[in-house]
Amino acid sequence: MRKGLGFSDMLTQKALPATLTQRKEACYHNAMETRKYRELVCELCRHFYTLGWASGTGGGISLKEEGRIYMAPSGVQKERLQPEDIFVLNEEGGIEEAPGGGTQLSQCAPLFMHAYKIRNAGAVLHSHSIHANIVTQLFNKKFRIRGMEMQKGLEGYGAFDILEVPIIENTAQERDLAGSLEQAIRENPKTSAVLVRNHGVYVWGRNWKQAKTQAECYDYLFEAAGRMKQLGIALESE
Amino acid sequence: MRKGLGFSDMLTQKALPATLTQRKEACYHNAMETRKYRELVCELCRHFYTLGWASGTGGGISLKEEGRIYMAPSGVQKERLQPEDIFVLNEEGGIEEAPGGGTQLSQCAPLFMHAYKIRNAGAVLHSHSIHANIVTQLFNKKFRIRGMEMQKGLEGYGAFDILEVPIIENTAQERDLAGSLEQAIRENPKTSAVLVRNHGVYVWGRNWKQAKTQAECYDYLFEAAGRMKQLGIALESE
Amino acid sequence: MRKGLGFSDMLTQKALPATLTQRKEACYHNAMETRKYRELVCELCRHFYTLGWASGTGGGISLKEEGRIYMAPSGVQKERLQPEDIFVLNEEGGIEEAPGGGTQLSQCAPLFMHAYKIRNAGAVLHSHSIHANIVTQLFNKKFRIRGMEMQKGLEGYGAFDILEVPIIENTAQERDLAGSLEQAIRENPKTSAVLVRNHGVYVWGRNWKQAKTQAECYDYLFEAAGRMKQLGIALESE
Amino acid sequence: MRKGLGFSDMLTQKALPATLTQRKEACYHNAMETRKYRELVCELCRHFYTLGWASGTGGGISLKEEGRIYMAPSGVQKERLQPEDIFVLNEEGGIEEAPGGGTQLSQCAPLFMHAYKIRNAGAVLHSHSIHANIVTQLFNKKFRIRGMEMQKGLEGYGAFDILEVPIIENTAQERDLAGSLEQAIRENPKTSAVLVRNHGVYVWGRNWKQAKTQAECYDYLFEAAGRMKQLGIALESE
């Protein structure tokens, strides 16, 4: 399965500039870029672990750069990922590079692909944040809040808009969420996140920075909603 | 827009000592100082991110040293700021050095300037701490507490004084807060902080150390008030 | 008591390959492996301290690799352990290497041994997480939850199964827990954890990665249960 | 005020061995030891800051080693202390070395000295932990709990003893707490901690390790008590 990172593999993968020197430079550029994005996935996963979004091997992030999608494997400690553990997919979701050793691609892959394809996302992350989990128990079909400054960090929202995030039901197998996630994305054209009951949240953005920023804003809003509920402060509910 | 950090630019910016050697030394000193303060802004922003005050690109700090104001740009990840990302302003708020690349100055700039001008602050910070946000939902026009040791960390307060922090209403655009922030500062001559409803808090001090110390004391008091409310402990309320 | 880590000690401890070169290589391999696992115990203890599982010298982890069990001493700061502080035991629990200096083996040792022997565990950890402690006060004989995604991180459980974790009563001396822990393990063949009232939890797994993953999943579920209870959300109770 | 750390100063401070070589070695030893303990105070203060015990310049630790007491100055950021910022006192509380620059000794000094003198402590720490603060609002004259494993980390207590920690009233000036702290220490011969209403806690131990361990155990118990109260779980109260 492993295709490796050698120059010769890369030479076969895409149209190349005319001269040999140009070819070599392009390959070297690709290998450096690839390494950079693999390291970025690892760094962000470590960071999300410290935020409580990726404990127990849960959660993670994938990102699309220069037509290639970088994604973590299934069931591994996200805070200990190494660059060589990362899968590389093409824009259709086909595996281009795999870490080998029996490692499986994340079950999130088909879910991530919906955000890439339907929303033209540049990065998609999945968080098991306990704040996200808890709000799915406080709201029925949609999380709803308004009037919070942190809404401004979400594309298309101001502080005084009503923010809604659809909640889908969890499934026994994560891959089986793909259908209802797709439906939620299509039925809520303004959303950049989908909550999953008793599970967590999927968030995407134009690129990894926006995906991360939006995920932090959503998480803040979920936490705030939980605290408001505990304090008896009125929330926009269904 | 970018003026850069070169010696020749600096030579044009201020009156200089007489000899060429003195001029060079002064410039070198300035470049080192500038670098130091840029790094300090970045370091403090990283720190505030770990405290939960600057998630989702929110929050931040600006500081005034040797007549120049160092300020972060708008809408960037505060925990990943680099020294070259920092704006430098003069005491009137005019941009002296800008990072270029289309980067915008923080929308907080006019708010920060009120604290610099009206209170002669040496540093101003803005926090999106969830504790600050929550207390604006528990109090009406002013947060009020008394009897807490941490009040001693606030200039002009002892543990047994009644501490009041004005709360202003949030606005759709952050810059539109400037008017009501100015009014709150003028109407509450003793305060070193202004809360913003469902948003966060602005805190200032004579220098960055005092601003940070006061911000930590306020945040502690906001958190304590939220916990006391949850436990049914009486709070000084409106 | 101290047997040290010298090659000559190792030469006497197990059957060795035929030639002298092979012997030396095997010894060198053993010393490197031993060092690696000692460091791993220290690293994991530091990590668990940051998670709040090992404050006040409480908690810790032991792991079995290549027939040897690595275990921390009793009553030491777990976040400051050094490789030379670690005890090495054989599979029967007999001490093979001790740090000397009057250091005592952890009182958890007989409890850990039950998981090694009865469940063929590869690692066992003990956490004083406040979330674990609190759920023992919310449930009687068994912690019970269902429908949570994080249950999937526990061997033998899906998200929609009812998860049960037995709770045993605490004892004045930690070693006196061994009997009831053994009974709980035998009476609950599906469990990979045992809670101790007002104390914490023991968790094991096939190897240290699984033990850690499972401990993170349990801790998440304990925390979620506490929050749900505070929010008045129905829990599966006795 | 500054006496510095030079060898000549040290030569005048204590009786010395007979030969010049011995003298030099003893001085070098003293300088190294002094440096080590100064660094330890800084390291522990940084650590306590991350635990939330020393925000807003509050809290801190002092320790006694080889007849000298190492103590932080007043009103400085505890997480940014440098070894040269530390005061060194003799066993009577007299200043032997001071950092100069107008720095004041911590107002905690007379309180720390009571624990050194009355209880022969080897280290005393002061925490502004919000958990300590909150329990002083839940209990009247004494914090009281029983049945918790973490009580075993406190000298003289088992898990099934009733643990009591006296609570004294706060004062406008921290130094004015010294009288009531002394009284609380004398009236509660078994305690190794005194809580201060709406303020925090003082904890001591035979050495810095025990003081830190006990402080972590107390903090855990204070946090647990707050959570239990929120969950409606019965607490031992007055």
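Chains: A, B, C and D, in written order; residue numbering restarts at 1 for each.
We adopt the following convention: a residue touches a chain if its C-beta (ideal position, glycine included) is under 8 Å from a C-beta of that chain, and two chains touch if they have at least 3 such contacts.
Quick caveat, the model's predicted, so the values are computed rather than measured.
Under the touch definition stated at the top, chain B and chain D share no contacting partner at all. The pairing of chain C with chain D is characterised as different-residue: of all residue numbers used at this interface, under half are used by both copies. Rounded to a whole number, the gap between the C-alpha centres of chain B and chain C is 46 angstrom. If each chain is reduced to the centroid of its CA atoms, chain A and chain C end up 32 Å from each other.
Shared contact sites, meaning residues of chain A that touch two or more other chains, fall at 230.
Put simply, chain B touches chain A in their complex at residues 55-58, 77, 128, 130, 133-134, 137-138, 170-172, 196, 198-200, 226, 229-230. Those residues of chain B that touch chain D in the shared complex are 147-150, 153, 158-160, 209, 212-214, 216-217, 219-220, 223-224, 227-228, 230-231, 233.
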